Structures are given as C-alpha cells and as structure tokens.
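What follows is a set of structures to go through.
Same chain, two partners: chain A is paired with chain B first, then with chain C.
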Partner chain A sequence: MHNWRQPGFWVSFLLVFLGGLVVLVLRQDTLRETAFTILMFVGLAASLNILMGYTGYVNFGHIVFFGLGGYFGFFLVSELGWPLYVAALGGGVLSAIIAYLIGCAVLRLRGAYFALATIGVNEAARAFVSNFEPFGGATGLYVNFSAYERYGGAGQALWLTFILLWLVALAVVVVSYLVKRSRFGLGLSAIREDEDTAMVMGVNAPMDKTKAFLISAFFPGLIGTLYFFKNGNVEPDDAFRFQMSLEVLVMVMLGGKGLLLGPILGAFAYERLRGYLIVSPIFKNLHLALSGGILLLIVLFVPGGGVGWFRDRFPRLRRWLE
Partner chain B sequence: MKFWKYYPVILLVVLGLLLPGAASSASAAEKTITIGFTASQTGSLNVEAIRQINGLNLWVEHVNKAGGIKLKDGTVIKIATKFYDDESNKDRVQELYTRLINNDKADFLISPYSSPLADAAAVIAQQYKKIMITTGAASDSTYKKGFTLVYQAYTPASRYLTGSIDLLQKLDPKAKKVAVIYSNDKFSTDVVTAMKKYAEGKGLQVPMFEGYDPATTDFAPFINKIPAGVDAVMGGGHFTDTTTLARQLYEKKVPAKMISLLVAPPEPKFAELGEACICVTGSSQWEPLCKYSPEAAKKEGIEWFGPTIPEFVKAYEAKFNKQEPSYHSAGGYAAGLILQKAIESAGSIDTAKVAAAMDKENMYTFYGHIKFNTAPKLHGLQEGHEMVYIQWQKGKNGKPEKVAVWPAAASTGKAILCKR
Partner chain C sequence: MTQILPSIVDGLLIGFVYGVAAMGLTLIWGVMRVINLGHGATMALGMFCTYLLFAHFALNPYLGMVAVVILSLLFGVIIYGVALQRVIQAGYLSTLLATFAVNMIIIGLGTWVFTTSPRNIDFSAGSITIGPVILQGTRLLAALAAVVITGALYLFLHFTRPGKAIRAVSNNRAAAELMGIPSSYVLALAFGLGTMLAAVAGGLTSTFFPFTILSGSTYQLKSFVICVLGGLGNPLGALLGGLFLGGLEGIIPTFMPVSWVPVVEFVLFVLVLVVKPTGLLGSK
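Moving on to the complex of A and B:
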C-alpha cells in the first residue's frame, strides 16, 4: 500500500486521467481525434518502456504486437461479431502469448543481436499475415459501417473507442508502476545494469525478461484492435509499419527511458510537435525535416530524455518525476 | 407640378430602399464553399498525391475564373480549398478529416490518395454526413461497407485487368490459358483475383496463379513455372517489380500472345525497356491520348460535361511547367467535375440534394464515363468509367510508341498479338 503514496505515480496517472477527462467533458470531436492519437502513442510508448526502459533491451518489433493483436481483435469483431471490449482483450491476450513464444527464443540474445532479431520478427509477421487467408491475406479485413450501429452509431462508436483507449492508457501507467516498484521490477533493473551479475545474485533473467516482454506486448494488442476498429479496416502494410516502431522508440528516448513519466511526456511532445507542424501554414511542408532536426538535438544533448534531464538538474523533483 | 419638385428626393428614397436590398441579394447570390482534403505531400505517396491535388486545384481555378458554379436560382458558388498533409500514413487521416469538418467547416470532401487512407477518411465523412469523392482510391471494398455519401471517381480495382481478357478474346478467340504472376499486396491481389474470376467466367483457364513478394527482383522461378501452351501472361504489381518482370519475360522469350501488366506500362519510362516493352499492354485510368469527345458522347446519348481532353491537357501543361498530366492529375480534376455537376443538377449545396444528384449522375467528361452504383451494398462504386488499355508498339522510327487500344471509344490504334 505504501507504494501508492508515491507522488511520481500520481503525477503520471493524473496526467493521463485528466487529459482524457477534459476531452470527455468538452466533447469536441476534433479534440477527441487529437487525443486519440496521443493516447495511442502514450500507450504504445509506455508499454514499450516496460521492456526497453526497465530491462534495457531495445525492441524494434514492438509494433508486431500492435499489428498481430490488432488483426486478431479486428478479426473477432468483423468476422465473428464479438463485442469490441472482448475482442480487444482477445487481441491483447494473443499478443501476450505470441510475445511469450517469441521471447523464449529471442530473449536469449543480447544487445545488438536482440535488436536485429526484433527487426526480423516484424518482417516475418507481415509476410505471414499477407499470406494468411483467414485474415484476408494481402487484402486485409474490413468492417461494415453498420457495425457501428451496435454502439449507437458511428459517432458514439468513436467516443466509445476513445474511452476504451483512455482506460487502456491508464492501465498501462498503473501496470508500469506496479512492475517498476515490485521485486520483479527490481530484477529487471538489475538485468539492465548487468545481466550476468543479476543472475549470480539470483535473478531468473530469462524468465523475468520473458515476463516483461509478455506484459509489454499485451497492451499494443488492445490498442491495435481499437485503432483498426476505429479506422474500419486493417491491412498488412498498416499493421506492421516499421516506421511506427521507430517512432515509438524515439518517444521513449525523448521522454526518458525507464521512467514512468518519460514515455508519456515523450509521446505527448512528439505527437503534438508533429501535429502542430503538419497544420502550420508556415511549416507544413517542412515538418518532417524540422521534427527530425529537433529530435537529433535532443538525443545529442539530452540523452536521458526530457524527464531524465529534469531529474538530474533538480534532484528535489525526483519524487515527482518518477 | 409640385410632385416633380420632389422628384430627386423621391428618387433618392426609392434608391435608398432598393439598394440595400440589391446589395443584400447580391451577397446572398454568392456563396463560397470549402472543399476539404488531405494530401500526401510527404511520404511514399507524395508524387501521385501531388499530381492529384494539382488536378483538383486546376479545376478550382477554372471554376472560380469562370465566375463560379451558377445555380438555377441565380446563386453563384465559389470554391475554396483547405488541406493538410497526411504524411502518406493512416494515423492522422481521421484526425485531420474531423478537423476539416469541425474546425474548417468543409462543405464537401475529396479523399486522400490511396485506398487505405481513403477508407479511414470515409468513416469520418459518413459519420458527419459529408459527401466525399474518392480519387486515387481504386479498392472495391470501400463501397461494400454501407457508406451512402462516398463516391468513387476511379474504375474499381476489380475491373483493372478485365478489359485485357476481353481484348485477348477479341484478338484471339481461340485463346484458352492465362498465367497470372502478381505482387502479393492488397491492390494487386484485389485486381488479379477479380480478373481470374472474370477470365474463368469467360471460359478461360488460369493454370498458374502465383503471388510474389513486392520486393522481388528475380522472376526466373516464376517464369520457369509458366505452363506450356499459355496464351497470355498477366499480373505484375507496381512500377519497379512490373518493369523487371516485363524485361525478364522478354529475356526468357516466353511465347505468350499477350502480356498485360499493372501500373508500369502506361508510364513513359516503361519505354526504356526497348524491345522488351513491345506488345506489352497495360491499363490506365486515363491517358492524354484518349479519344473521349463530346461527339462520341452524343453518339451514345450521354451528356458531355467540362473541358475536352486537349483543353485540359493544354491548361494543365500551361500551369505546371509543361508537365504532361498523369491519370492522377486527371482524377483530381474529374473529382471536381463530378461535384460541380452534382451541385449544378441539385441547384443547391445541401448534402442530401447533392447526393441525390450524384446518384443520378451519368455523363462523359474528358476523363471518361461517370456513373455510380446506387445499390445499397455497393453504393458509390464507379460503374461507368472504364480503364484505358495501352499497348507499346514499334513506331515508324522503330522506337516504342504508346497506343491506346481499348475500349473502342478511347482507342487510337489497333492492338497486336506478341510474336516472341
């Protein structure tokens, strides 16, 4: 119970909670869409942080779970007519199972070898789904517009999807915190600092890494289902975009890896920066170049990420910047 | 007489009463509507998307220069556009279309380039009851989703290569076998699956139906698998792989009477294959050398609307540094014409009235025939427009020359069978 008194947790939790609440109170559709994109990346970045931030394993294949889980969840909704909530959970569970199976194999690798293997997993998943007929093969799957009627029409369905995503993002924050503050989380931190020493000290590194991988993969499956349901279709090229994996990774680095608040602020900052540049009359043709330049500067001069920099600079704030 | 003393005063009073009315009726007679869209100004689709918005912007310029769209009640509709960059990816499309509708108050929407992006935008358009014309989006599945306000300018993917089957049977009524080698992506798979069904329905056999990874560079394993006695080879995918496939089919001297491939053949760069491109046919949504004309439309008893092909090509080249318009540019302009015609017919900018007019639309433009399916299960699917089939033939100087060979209304020459 003591853990819940940590102000660092409440800062992160309230940030996501109040962000979603403001959108619900104002009920502006445009704001909802912007918030959906931000919350999606918050969820993806925070879940990646459970593996990458806590164990130090750089995963380029995080989006595989978004794609596979999303595909499976969407399949449950569109082909079997399952309710969205259950289908999303199904997507999450499948992602976790696949992560466990992959983890058993690739988490024996370390450093660059692990990172390379995760790139391969992404390509393999895309090729598999492109040839897997129950998922529509290369053509993918789509849901009829009338499917939204079940949730009170398209407008209501979009709000429902947003609310579910908000809850998922909150759940990622809570789970990230619980993992970090647990004995299991300490084991992960030990693995990050020195895996061999951690094993000598009694940490079951292979099992702990696999568990972290499994937890980290569960949430992208949920998020993928909600995202594809909202879009109305899913195709291999959308589900397994390597660029998206990189972007999520950059968000974690930008905010500060291994910290609870880091991926949340990283995702928010990255997404808002991109969003602002795209709609700005002055920068809209230069936004990719500008965002690339800014990111380069941050990574060069603030390697601990934004939150990490503040923690180093203002030690008193560490309690608040978990 | 006294009355005439007050004539100037009376005149002023009368004018005073009339002028504000006249002024207010003048302002009521002119409205500006906003057309919203996203354009892939960056990312993998930017070349095609920019050509598409060039076409659309040219239409806007033409309409506004001509004084706007004139309705029957005298109202003049001027056009304004609002667009954002969608970065060629789906993440932001729904967010940006919601913004276009709610913040920018877009009255009508044009789709982003490519079917996946258009699909995502269509959900938002339908939700907010806004008419969206899709251009650069050929997928059939968008129109099987129950949308009522989404209309397709392009010939759907399912009819991309079916004309090749008709052409084959016309050139060689004894043809029996077609081998299909295609890129294993959504667009190509949609096209060849529909084409296979069509071919089988026409009594042809498809003894080979093989998909390849879009990044394939060596087609020898596929070419070696082509069964003996095949009359035609069809398929391909996108520019690079299709060009390589065409070259390797030539190098291997595959004795097919017809080679019909996707995407690459209409591109001028395809001629760089030299001998290997001769006799290869391909389909295009539109080509500057098409022969659609008001006269041909009249013969069919269908109304002609908008500029002729030479007028469009001339205007486009004048505006965009002599760059020849591609079918993407023509599709962008045609999307505008489709909307313009519907607004004119409806005599209103009311969504329901314009949609009703759109449902009834049946016209020829420089881009070809436009008519939409109005059945609930396929509403908005383009059913009038036909692909134009081009074939590379040896010109008088021995160099490859592009000839439109199908359909008859658009053709500039006769198709030939391959002799390899």
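Moving on to the complex of A and C:
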C-alpha cells in the first residue's frame, strides 16, 4: 500500500481534518457556522470534481443531488422519525440511484449533450418537488422538534451535525484520492483526454462515466440531509438554487479541476471571498458578475486553476500538491 | 374543445418565437460546436433593449427591433472576441464554462442595474376574432416577424458570400480554411448572428409577457429542448421544434396544472436524447 505514503494525499486530508478539529476544540457557535458552510462547499466541490475534474464532463446540476437527497433525508428524519445517520445515508443513496438512472440514459452521449441535460434536470427537479405533496409542495417541510430531542436538544444536535459533516468531507477526500489512484480513475482520465482512444484501449466509457457520476452524486445527498436538518426546514427554492451549482463549479475551477487539493482550497478561497464581498457596500450587489469574471479569467488564462498553476510553476511541489 | 383550440393557436404563435430563439442556439452549435450558455441572458438583454427604447423614447417595439438587431450583432461579435476566440479549439469544457461565465456576468450586472422587479411593455396591437379563436395582435405580429426573420436567414445563408462561408465552415472548418475562407471572421459573424436571433426573440417575447432580467433562463431551457427535438445544428428543425413545443405548452394546461410544464418538457428532452439523439427530423 505504498499509495498511502503519498504526501499529496496527506496534505489535503490533514487540511480538512485539522480545520474541523480546531473548531471542535474551540467550541464556538459562530465559528462552527462559518466552518459548516466551508466544509459543506468543500464536500460539494470535491464531489463535483470526481465527475468534472477526472472525467471532463461538466455537470451544471450538481446541486440537484444536494436538493433531492436533502429532501429525502429530511423527510426520513422529520416525518418518519429515522435516526439522522441512517436518514443521511438514505439521502445519499437516493441521489446515487437517481444519478445512475440519469447517467444510464444520458451518459451514453458525449460531453455537450450531457451538459445540456444537467441544466434541464435542475428545473425539472424543482418543478417536480414543488408539485409533490409528500414533500410539502411549494412550502416545503419543517423539522419536527422531537427529532432534535433525540440528540440531546437543538444545541447538541447542531454539534453532532457538524461532526457528521466533517466526517463526510473527510470521506469525500479519501474517496476522491482512491478513485484517482485506481485503475478506474485512470480510465476516467483517459476518457477526459480522448474518449474514442480510451474506448479502443478497452475502457468501458459509458459504464465508467456512470459510475463516476454515481459516486459524485452520493455525497451531495448526504451533505444536503445534514444541511437541511441543521436549518430545520427545507423548501424548493432553497434546495435547488441554480446559483449554488454555479458557485460550486467556480470553486472547482478556481482551485484547479482534477486535483485533490484544488476543490478544497477553491471552496475555502471562494467562501472567504464571498464573505468579504457580501459585506462590502460596493460589491454586495455585484458578486454574481464578479464570480462570472473570475470564472472567465480562469477559463481563458489559467485553465489549471490556482493549485494547477503552482504545480506548473514549481515542479518540485508536485509531490505535495496532488 | 372550445377551450383547447384557442390555447393551441396561442401556443403555436408563441412557438414561432421559441423557434427563432432556438435557431440562434442551433446556428452557433452547427457552425462552431459551442453550446452558448449565455443564450438566455442575451434574450433578456433583447427584452430590456426593446423595453428601454419603448419606455424612454416611446419607440414602437417592432421598429425598436431594428436597433436590437444591430446592437446584438455587434454584442455577439464582441463576446466572441473576448470570451471565445481563445478557447474555441479547447473543447467542450472550456467553451461551456466561458459562455457560462459570460452569462453570469450579464445576469449579475443586469440584476444590479435593473433589479429583478418585473417589467412589461404596455403595447397593444388589437386583436382578430375568427370563430372561437381570438388572435392577439402582438402575438400575430411576433409570429409574422419570426417567419420574416427565418426567411431572411435562409436567403442570407444560401445566396450571399458571407452566408455561404458560414455554411462552408459549418460543414468542414479545415477544408473551408484551405479554400481561403477566414474562419475566424466567419465564426465571429456566426456567433453574432446567433446572438442576434436570441436578442430578437427576447424582444418579441417582451411584447406579450412580463419579464425580469432572469427570465432568459426559462427560455434558454426551452431552446435546448427545441434544439434537441429538431436536431442540434438544424435551423429548420429548430423552427418546427419551436412550433411543436409551443403547441404542447398550449395543450398541457388544459388537462394538468401549468407548473408541471417544465417536468413534461424535461422528460421529453431526455426521451429524445435517449431514443433519437439526432432529433426528430434526424439530420445527418
């Protein structure tokens, strides 16, 4: 298992691990909320990276899995009274199943068609959930407070959610690494570079793409359940915010797609930047245009993202910046 | 029955406009293999351009369309030069993200300038009654404009030198370059034309529906569905697909809630992709 001695993996893993640990040691509520948002985006960006970075397929609807899985998990916790752990897993599994079904249908096709479909899926999912009565229709669902009691009151429940989210974010990092280093991951890179050649060389492209999509969709479902449980309610406009899909995309590009550390740093940097912009009087109304500007500059001039740029510039650091 | 007929006719008239929007998308795809994700935002700009001319200069919206045509053509060429030229050879991921970034910038700036409060153009062109069907003047004129534009586009593509160059590049870019066609100009022109079609469609829509700067995304989605129905890269298919979708939108609300329309459209979209990805007309 020489793979585990790769310093690049440990840099990413320890970054997320220590970040969460600091919050747990300090035990401040405001710090936890900030860290929750950052870890959430780390998880979302890193899971999107499994499809987008490794396989080169843009998914504009990553947040659909966050929304649908979150809705389902929330429904299990709040309406059926399932334990949070099981419900979160349920949300993840549902997301994965939906991704598998969509993937089987659409991933036989090449890049551009897939991207089109992922834009449509967001609107369709929002419209579907808004009309779906068991999920509360357009008004959404509210948490049943007895669900918090089980974990020793609302305050304790929030800490528990945070710890679970932290573990999920770590799991995303580990899984991303395992996928990247595996034979399967090599197949994905081959698809990204040249799909036809990959298929001639024996990569089962449709199957591998679908698997990557499935893995990438599983985690948002988990994260969604935790997020909505923490918020105490879930509604269609909150669950399927197209803008959030975009932000996650910008994070991956900002940090560097296809790298392990890229999405983590990208999510962190973007969140901090947004936090600053929202309170700044000049930029608070412009932050969408500004993220667009950042994205355009990255696509045109630094396609490898921040971490990718460092890797190109300083080859010696490559071992560390996986 | 008395209810269905008027709503189908209404839907078909709107379908013409959908068709024009989708033609813009399909033209850009056909020529340069780029899916323009700034399409919806461009439509919204077309709406606002028509609105501003109407509200501030009391310009008839159909005369205003001339200004929209010129401005959007220029705008498209500029967008191509700034955001696309560098990445045109780099593959889907880059071009999708680049046009997407343009979309975010337009929407972000637009939200800042115009806010997201709904606007509408208070313009009436009378109406014609034929039996149970009432045809609203604005929709009739919009459909007429759509037909004229389609005809003009056809003539341009088939009987002028730049039009022929566009078709040549669309067929085979390398061969066209060998024949001395400056493909970079041609691509810029094609992108300008596609942007223009989107903006004009937006302008026409603004005469019969209220809109905000965010409205474009709904129409963009419809354009995708239409393009896939008609076959990506096929302008005639786009027009027929537009009529089909418009008619469908007319029929659906007569037997199920309107809010289900996007779900039905998306299911249709996926079905077409799975069963016949070249579109119902099956080009190439």
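Remarks
As a working rule, the second predicted complex is superposed on the first by the 297 of 322 C-alpha atoms of A that agree within 3 Å, B and C clash if a C-alpha of one lies under 4 Å from a C-alpha of the other, contacts with A are read in each partner's own complex, and residues count from 1 in each chain.
Everything that follows uses one rule, which is that a contact is a pair of C-beta atoms (placed from the backbone, for glycine too) under 8 Å apart; a residue touches a chain by one contact, two chains touch by 3 or more.
Bear in mind the structure is a predicted one, so any value in this text is a computation, not a measurement.
In the superposition on chain A, A:N233 contacts chain B only, with no contact to chain C. Using the contact criterion defined above for the overlaid structures, shared-chain residue A:S146 touches chain B, although it does not reach chain C.
Once the two complexes are laid over each other on the shared chain, residue contacts for A:L295 go to chain C alone; chain B is not touched.
Once chain A of one complex is fitted onto chain A of the other, the partner contacts of A:S130 extend to both chain B and chain C. Looking at the shared chain after the overlay, A:V58 reaches chain C, while chain B stays out of its contact range. When the two structures are aligned on the shared chain, A:T197 is found in touch with neither chain B nor chain C.
By the touch criterion defined above, A:G155 lies against chain B but remains apart from chain C after alignment on the C-alpha atoms of chain A. By the document's definition of touching, of the two partners only chain B reaches A:T30; chain C does not. Shared-chain residue A:R241: touches chain B; no touch with chain C.
Once both structures are placed on chain A, chain A residues 127, 130-131, 285, 287-288 are touched by chain B and, in the other complex, by chain C. Across the interface of their complex, chain A is touched by residues 29, 33, 35, 37, 83, 86-87, 90-94, 96-98, 100-109, 111-112, 217-218, 220-221, 224-225, 228, 257, 259-263, 265-267, 269-270, 273-274, 277 of chain C. By the touch criterion stated above, chain A contacts chain C in their complex at residues 52, 56, 58, 60, 102, 105-106, 108-109, 111-113, 115-117, 119-121, 123-124, 126-128, 130-131, 242, 246, 249, 253, 285-293, 295-296, 299-300, 303.
Chain B makes touch with chain A in their complex at residues 41-42, 84-85, 87, 89-92, 94-96, 98-99, 101-103, 116, 119-120, 122-123, 126-127, 141, 144-147, 184-186, 188-190, 193, 211, 213.
Partner chain B is touched in their complex by these residues of chain A: 28-30, 32-34, 36-37, 127, 130-131, 137-140, 142-146, 153-155, 158, 230-233, 235-238, 241, 243-244, 275, 278-279, 284-285, 287-288.
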